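Labels A, B and C are assigned to the chains in the order they are written; within every chain, residues are numbered from 1.
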Amino acid sequence: MTSLRIFFIGGLISFRALFNWLSPWIYIPSLLVAPIFQILLFAYIGRSAGIESDTFFVIGNAVQYSAIPCLFAMANTVAGERYTQTLGIVLVTPARRIPLFLGRSLPVVVNGFVVSMFSLAVGSLLLDVSIPPSRWLPLALVVAVAAASCTGLGLVNAALGLRVRETAVLSNVLFGVLLVFCGVNVSLDALPDWMATVGRWLPLTHAIEAARELAAGAGLGSVAGLIGTEVALGIGYGAIGLLALRLLEVEGRRRATLEIQ
Amino acid sequence: MLVVEATDLRRSYRTRTGIVRREKKEVEAVRGVSFGIERGELFGLLGPNGAGKTTTIKMLITLLLPTGGRATVLGQDVVGAPREVRRHIGYVFGGDRGLYERLSALDNLRYFAELYGVAPREQRQRIGSLLELVGLTGREKERVEGFSRGMRQRLHIARGLLHDPEVLFLDEPTIGIDPVGARELRATIATLREQGKTILLTTHYMFEADELCDRIAVIRDGLIVAEGSPAVLKQRVSAGHVVEVETFGLPPSRTDSVRSVQGVRSVSVEERGQAQVLLVQVEPGAEVTSGVLAELLGTRVGRVSSREPTLEDAYVELVSGA
Amino acid sequence: MLVIAYWLHLKMLAASVFDGIFQVIWPLFFATTAFLVYRQADDPAVMVYAGLGSAVMGIWSVVATTASSLLQRERWLGTLELLVAAPTRFALVLVPITTAMASLGLYSLTATLLWGWLLFGITVPVASPVLFVLAIAVSIFSIALIGFLLSVAVVRYRTAWAMGNMLEYPGWLVCGFLVPLTIFPTWVGWIAYALPPTWGMQAIRSAASGGSPWRDVLLCLGLGMVYGLVGALLSETVLRSARRHATLSLT
């Protein structure tokens, strides 16, 4: 029972405590305005090059942008503990680690979902992209899966953040990697082979593909395979992240590095 | 002409509390401060933390706009002619901040020399002699991030003197410095006074004010409660003497009853290790020891002694208002 | 005084290698994506267009993202008070700082040009090198002036960095770096031509292709000065407010 409470309530509280982007002065510019401009930027590049369609770029960038909140929030809520010097205090409690860290990821996923859906809606409006109304619900599902899967990567990022000092730079670099490799603005078959291979092992790629097919009118059943792969990848990254966190905790206790900033 | 003149200076701050129900409170930090500093004087502003010393200085150096009253430095109004004022004053404050960490001491000085419009031809010579004055010659090429607090403080003084200002404002310059370093700093300050500079010094170290200042103003809760030379201030309490009573486990209520003993002018308590020492200021000619001890029946009493008051006693009395 | 101030701040900014590397890498992600998209259009002229434009992106990025927190950093260092207490006009104190920041964009410029050449085979022909360098220098300076205005405009907000970051993408979008202005509706063009980097970019392109960049250079510089002037006026107001509300030393 406690684990459930730690998961839901504890997770939400830590999110509010450590994710200081929740102030409207940061939230609106960074998470609501910026993705719209990223969509516009690449949509117009696409128009100028005569490549693909507005829908292509709107979906790609809207989904990809969830990486910013997912990566940063995850890193902040874990590595941020080191900064506020509460990491040792938290780890000394008997709370089970999985609900503890996974609980923190739930609000992150929800937040990522909100950011993506918002930019998808506004981007479509601005660029006059029409997505059949019946497809919005399955799209929302795919976006949620994407956010969850990216948060899995976020857990790995968070673990790395406990070791590396410059967590913000790391998150930004990961964001850039996702931008280039995940078929966000260039479909996988237009990428060199090695890049496409890397892309297929990253989160977001399959979700973006699924979302594009849905927007084109496909049914949920036909993209089930892609969704499945995305879920599997997300779980994989999440597991690696949790394992890494555990290892770092053990190492931190052995080498007394938990409190070091 | 007075070099620095403050007339009924006032400064209040508006603070906001709470997020949902915003309450605005007005805090009066300086409530009508007036004083004047003559040319070549070393004037001390003495007071506890939060008394308004820093706020007063910041108004005089044009970093804060007063909410009431006025002040002039070298005849120029600090509100109306801030740039004129800034050309002729130097500002030095204590602490670790205020320098560009990644630059060397020399580069820091060169930067501020530029900001103060020191002619390029003069810069080299002046920086050299200032480094010598503060004892940093030979260390000027090192990055400030490696400097100890004492070194930073000395660099601050050098920075404040780059443009050869007539008036220097020193805000707690020896705070946090080891005794030896502080002593050297004070010697430097004394030298500057001898060179004819007018100096306003804020501090809460009594002996420093006693040693350096020609005149002192004691500030408490935004108001000046006493002004005069150190000798004059000491005289305010020197009529009479101080009885020190060492007690262990003194209940707070006893202080009030001791205060009510006839002949007692004021009482304050000082913690010294395990003991609470009652400092009883006694009216001249009064004999209070037996009366005080009677009030302390039931409390363990250690040593009882009687002595002449010091500037610190004067300060404590003025500042605690008891 | 301006030169020395510029030089000393450049020294300080250049000292952090880690930050410098990131300032170079970040625009490269976007440049690479742009190249990958344009590559499908199979038109070498378009690649040159993108190659040159993306090189200038870094200058805009470094200023948009760091200028907004400039005053906050000085406040944190404890030096803001000292800068204000000096008799030099505040505008003249800040402009060398933002110019030093903008100059760091040169690293990004060089890196992006090299990247485009090595990985995508984009060779940017530079017909008149002197004019090219002049156009770049003028662009850097006028972007620095915008940075100065930005630093003063957002000083009241403790979360100013988010405001500055928000301007990064729009700057890339409308100033003609990666996308020609012709594909935008007219009203976007009005906005674009009110921004110095647009003219700077045009100047750089003209100089590279052998045309005459003088009109663009002058417009870039002139517009930049206007922004700088607005910033100077604003800075006096901001300072007065800070002195009234005692916010110079708050962290």
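Observations on the model:
Just so it is clear, a residue touches a chain if its C-beta (ideal position, glycine included) is under 8 Å from a C-beta of that chain, and two chains touch if they have at least 3 such contacts.
A quick note: this is a predicted structure, and the numbers were derived from the prediction, not measured.
When the partners of chain B are compared with those of chain C, no chain appears in both lists.
Among the chains, the centre nearest to the mean of all shown protein C-alpha atoms is found for C. Farthest chain from chain C (centres taken as the mean of C-alpha atoms): B.
Look at where the CA atoms of chain B average out and do the same for chain C: the two points lie 45 Å apart.
Annotation: 30 Å between the Cα-based centres of chain A and chain C. If you average the CA atoms of chain A and of chain B, the two centres end up 54 Å from each other.
Contacts from chain A toward chain C in the complex involve residues 23, 25-26, 29-30, 33-34, 37-38, 40-42, 44-51, 166, 169, 172-173, 175-177, 179-180, 184-186, 190-191. Put simply, chain B touches chain C in their complex at residues 11, 13-14, 58, 61-65, 83, 86-87, 91, 95-103, 107, 110-112, 114-117, 159. Residues 18, 22, 25-26, 28-30, 32-34, 36-38, 40-41, 46, 157, 159, 162-163, 165-166, 168-170, 172-173, 178-180, 183-184 of chain C are the ones that touch chain A when the two sit in their complex. Residues 1, 4-5, 8, 11-12, 15, 77-79, 81-89, 93, 240, 243-246, 248 of chain C are the ones touching chain B in the complex.
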